[in-house]
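Order as written gives the chain letters A, B, C and D; numbering starts at 1 within each chain.
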Amino acid sequence: MGNFPILSFITFLPIVGMIIILCLPKNQTLVMKSITLVITGIQVILAGFLLYHYNYGMGGINNPATFQYIEKFRWIEISGFSWIGKIKIDYFLGIDGLSIPMVLLTAIISFVATLASWKIDKAVKGYFALYLLLVTGMMGVFVALDFFLFYVFWELMLLPMYFLIGIWGGPRREYAAIKFFLYTLLGSVFILLVVIGLYFSTMETMIDGTKVFTFNMLSMMDTHNFVATGILSPMNPHNLRFIAYIALFIGFAIKIPMFPFHTWLPDAHVEAPTAISVILAGVLLKMGTYGILRVCYPVFPDITQKMIWWIAAFGMINIIYGALCAMAQKDFKRLIAYSSISHMGYVMLGMASLNSIGISGAVLQMFNHGTITAMLFIIVGIIYDRAHTREIDAFGGLATQMPIYTGFTTLAFFAAIGLPGLSGFISETFVFLGGFAFETIRVITVISTLGILLGAGYMLWTLQRIYLGTVPEKWKVLKDLDFREYAMLVPLSIIIIFLGVYPSSMLNLMNSSVNAMVKFMMDSKALYGSITGF
Amino acid sequence: MSIYDIIFYLFATITLVSAFFVVTIRNIVYSAFFLLFTFFGVAGIYVILGADFIAMVQLIVYVGGILILILFGVMLTNKITNVQIKTGTSQIIPAAIGVGLFAGILTATLVNTPWRKIDNSPLFPTTQGLGLMLISEYGVVFELLGILLLIALIGAASLARK
Amino acid sequence: MTEFNLIQIAIAILFLPLVGFAFVLFLGKKIKSAYLVEVGILILTFLLTAVLLFNKLYWFADKNIVSEFSWISYKNIAVFGNISIDLGFLLDNLSVIMIFTVALISMLVHIFSIAYMAGDKLYNRYFAYLGLFTFSMSGIVLTHNILMMYVFWELVGISSYLLIGFWYEKKSAPDAGKKAFLVNRIGDIGMFSGIMMLFNTYHTFTFEKIFAQMASGTLPFNSEFWLTVTGLLLFCGAIGKSAQFPLHVWLPDAMEGPTPVSALIHAATMVAAGVFLVCRIFPMLTGDALFIIAVIGALSALIPATIALTQNDIKKVLAYSTVSQLGYMVMALGVGAYKFAFFHLITHAFFKACLFLGSGSVIHAMHHEQDITKMGGLKKKLPLTYATFLIASLALSGIPLTSGFLSKDGILQGTFAFGSLTGYWLFPAVGFVVAMLTAFYMFRLIILTFHGEPKNKEKYDHAHESPFVMAMPLVVLSALSIFIWYTPNPINADAGLFLGKWIKTPSLSVPQNARYSFMKTDLVPEGKAENNRDISNEVKKEGTAEGKEVIYSEAYTEAMHHAHYPAMFLSLFVALTGIVFAFVFYYWKKISADKLARDIKPFYKLSFNKWYFDEIYNATFVTFTMLSSRVLAWFDNTIVDGIVNGAATVTRMISFFTGRFDNIVVDGLVNLMAYLSGFIGLVLRRFQTGRVQTYIVLVVFSLVIILYLFKTF
Amino acid sequence: MIHIGLGHFLFVSSILFSLGIFGVVTRKNAVMVLMGIELMLNASNINFIAFAKYGNFGLQGQVMALFVIVLAAAEAAIALAIVLNIYKTFSTVNVDEIDTLKD
């Protein structure tokens, strides 16, 4: 299996599925659903295969030799324009400890979300075709190592998302879809600017000794590759690295979403169909933090060190602001959306710690938030399917009516508030331990622990308002879970419990990479100091 | 002047002269017959160039297939009993100037290009080599061509049946 | 029995209840009698703890058995170096005695619940939750590191949440559960911050390693001040869990849960976990920290005791009494009377569990009537309950021949000694006042419930003595409230094995000059202070091996000795006074309680309304949080989103103007261009013959031109 | 006298190609146009084979020539079918009368 291009396969398999679905006649909805399910199922298996053959010792981050499952060949090459030289874009895929949890997450969440889409009955063909395209885009972002390719996948995922919200969404779907689209596009524009700026600032040495401009992310991380006069080159005394960093960061921060760029999230979530909410919260939000870790950190280690306090501070704001906003919501789904904002704050706080414990916590939190929030959105979807309302105060006493459903809900809620034994606890603990160890952000970390309290507050309050108490007469007709819903909730519950009891399985996976990242950041402190010094 | 050269000039002359008649003669049936000679000439040139297999294919496909097709086309679209079999020409003068200039510039280019000189390599049978290439290196293309021919066959049949 | 066997037993003790939990939770619906499995498991667990207790105390009384494995490990990482987060067991005398207590009470509560909860529609679920609780509580007790303790700490919190809110259809029950959990979380945040401090300093969570490093001079941020802060932050966890002032408000509300749960969780075991935590971290508490702990303990002892005087709900009285007693223990720890605090923890667990189960029996008999003003005369109807209740009450009041007398006397003795050594006489004063108040409200409770005339005749007539499964636990627990189990000498606790041999104050890891003056190790001569730490380390080893007390100075031992009899007689005196007053007020009715209440109305109302803690908290913290959440949500919806939408509106306006501009100016230009190209097209049209051949001629000409331009000759 | 070399063959092919173009451009009959195209294809084939011999490409040029022949056959078949169709529609095969592209 050595040369089997498994990453390309896992990325483009959904496209194949999409083509098949497009060829099918319109009324074959069951076949379409089955195809999507099979394709995402194969993705899960392939992701499992990746995991099985993953070498835990290889770090990745900035060293191409320690990436795994690498696929690299020239994708686009144009020569002849004298002022640019050679344009070359590589098709460069590979994974390390940062991306493999995300690849696993994407595969799992896509599979679960396919099940969640089972009840779609409007324009089924279009839905599943777009859905599979979306899956390709998401997977691609996590495996691409060429910045241009990364950007292509980043944009690729945007378009289907727009349609999925805009066509299959709730009553205000157009508004939400356009808001989502414009917001994300704004972020993309920032990213694109920086991509181009970096392209003209880095030159890669080819095998034959010539130097060409490059989009290769890993080359951008090596200071030797910077052109002395490039606008984003640290050697250039008039460089624009600071501005570029801010732009890039905002580009990713919109996706996280970081306060104050978060308002698209509640709207998009409320209007999106369940499956899309699951994808949105489970995978898309991780792209922001993943992008920061993958690009902002190693490409701009000098600026990152300067901005670290701000990253942590915004993380703290996200945690507390999100939690307080969630407390005031009346719509169940909106509440979960705000809780998502709050939980992503932990990721930012962990990233800002710049030590192994904190960053491990952050990456773990990305994975855990993916599974937990996916579960929460499925839970909202289930109740919305049955009751056609999400008003929290309209419910009560569902524990009597739907005991098993309530059991799963309780599990998910407890995981979300960081109960030990469930996965959220370890990641939050690691984030806090890491943050506390870093003197610059120690105070912020201590303040952020308030989030634990507020989180418990709104979650338990919601639990009480919806599930406890007595059942109103009109909800006495609600049925408990069916088989499909079990199939969605059980795997996620197992992951949540498993990672809560045995977090090492995931931590070992990312250990080398996180260490490599921390080492890189430490080394670069001195390195960049010496470069900019003269 | 070796025998090789003589044969070349012979075939070149046959080719070009008959091609000239193909495009100038007014009677379409004569044209078709001159085309036959052109194809023969080209086949001869192939032989000189050491492409024995291609030469055979040229004869079989072009002479045996395409030419017959064209003749059928002529028959089906002209009532032979009519004297209509002669066809007209148009815009001869601009065409002649254009084509003359084109030929001139091509010739000038190829004369002025410093071609690498390679000694005449010994000739050898090519059929086996071609066969191997067709099923290995160009296997997919070969298959695709097969499909293409099939499609062309079906397409032609359905078009003609309309 | 080897050490390894003991560890195996401990593992079984920990996980058996979890198995029970899972079994009953998943199969409870299908198998009606699944709860019997849970009860059976608990009996088995109890037997195992008995085996563990006996073997540990008999064979390894002076040894701490530790077994651990690495849960998460990091090698050679920046900032931290090598880290191994271990999970493991620590079996010392403290933990085996505690686990025995937990298992025993848990088993009795399980048995009691069989009858008490009969007929509940979620009968099996209830036992599942009890199993989860027992598992979590065992975890706290058995673990050897602070992180795992925190893990089980939270799990205990959640099982408490589930059990308090067990009757979730009542609004008040989930409210109380939520309140309990959130108030606990406040304390947990403090505790977690303390854990972060510890980890940041020592890069490990294991108690022994932390203490060892501390003894060798490593301190958080290299300052004794921060060591104090760390200790207090960890103590915050205990404040939450043990319902200490100012976070005590959740415990009375927690009485919404089923009464056996109150007995198990909110009286005997879980709330004692806070005290247990302080016992565990005792070696790292500085003098300053201990003093603050003592103050909080004193406040928690005093305030709830005054509240308990006027409450009418039988369980509320007991709840406030619990808070008060926990405050006692905390105060004892604060003044350095470690042994007696733990002793009181154990004795209190038994007699308070007995009281709660007794009250459960009463409530059961009275068909869920909890108001003591509506009871009365139950002595005849419930003779067994009355007898056990009385014994437990005597123990709580500190009457001789009971266990409570011994432990309470020890605590008072400790505060007395502390007062005489440091001059803070307020602590013993509070202790005695509380002792009197305790005796008073307990006998008020007994008199109103069991004596006098029945006030609710109908319910009284239906009342009947509880069945065997409910009576048996009462008898066992009241038997355990007798002195004989702890010491052969009813007035000297030290004479027994419990305090004489098994429970010893651990040696401190705190730097000498940060300790209480009387806890400085005397063995070190003056002038060799720089060697203090090393020596104290040695002392620790030797001291434990020979069973000698080396923690306290001579002066302290002396003071304790002197304090023994005064404290004993004084405590007996105040307890009797309290009882007499109770009889005067409620039995003989010489003084009207109502009239007195009217005379001192402000005080009465203060007490009756629980010092308005709930109201104050509601008005401040809760309102503030809710208000800020509303304001922020509004801010989010209106301002942040408004800016976004505003930007959209502005863009739309601009686009409108540019649209007009586009229509008139730009489009005009375009149209002009169109006309122009139309005109040119008119000319060029002549070339458009529609015949391919013409085009080809043109192509040929163009080709000639291009070839000429790019010619290579 | 120069030895026969690559130039000679290229010269033949270029003249043949030019004649092909001439035929395509001047003749009115669609079938004649087709014949012109065949000439052009043959010219290109001569190029391929000449380069195959004088260049250093092994047999690849010949393979290409083979493909061109196959394509030519397909093209001829289709083109004649189209011509027949045109004949049925317009009753003529004179390409200058078929100028619907103009409208």
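As a convention for this text, contacts are C-beta pairs under 8 Å (C-beta built on N, C-alpha and C of every residue); 3 or more make two chains touch, one makes a residue touch a chain.
This one's a predicted model, so the numbers in the text were calculated from it and none came from an experiment.
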Those chains which touch subunit D and also touch subunit B: C
Interface ranked first by C-beta contact pairs: B-D
Chain occupying the most central position, where position means C-alpha average: A
Whole-Å gap between the CA centroids of subunit A and subunit D: 58
Mean-CA-position distance for subunit B and subunit A (Å): 61
Gap in Å, rounded to a whole number, between the CA centres of subunit C and subunit A: 36
Whole-Å gap between the CA centroids of subunit B and subunit C: 96
Subunit D, residues touching no fewer than two other chains: 21, 25-26, 96
For subunit B, residues contacting two or more additional chains: 90-91, 95, 98-99, 102, 106, 111
Which chain pairs touch, all of them: A-C, B-C, B-D, C-D
List of subunit B residues in touch with subunit C within their complex: 90-91, 94-95, 98-99, 101-102, 105-106, 108-109, 111-113
Contact set on subunit A toward subunit C in their complex: 179, 182-183, 259-260, 262-264, 321, 324-329, 355-357, 397, 399-400, 414, 419-421, 425-426, 429, 432-433, 436-438, 445-446, 449-450, 452-454, 456-457, 460-461, 463-464, 467-470, 503-504, 507, 511, 515, 518-519, 522
Residues of subunit C defined as touching subunit D within the complex: 688-693, 696-697, 700
Residues of subunit C touching subunit A in the complex: 71-74, 76-80, 83, 147, 150-152, 154-155, 158, 161, 165, 168-169, 171, 173-175, 177-178, 181-182, 185-186, 188-189, 192-193, 196-197, 199-200, 625-626, 628-630, 632-634, 636, 640-641, 643-644, 648
Interface residues, subunit D side, partner subunit C - complex: 21, 24-26, 33, 95-96, 99-103
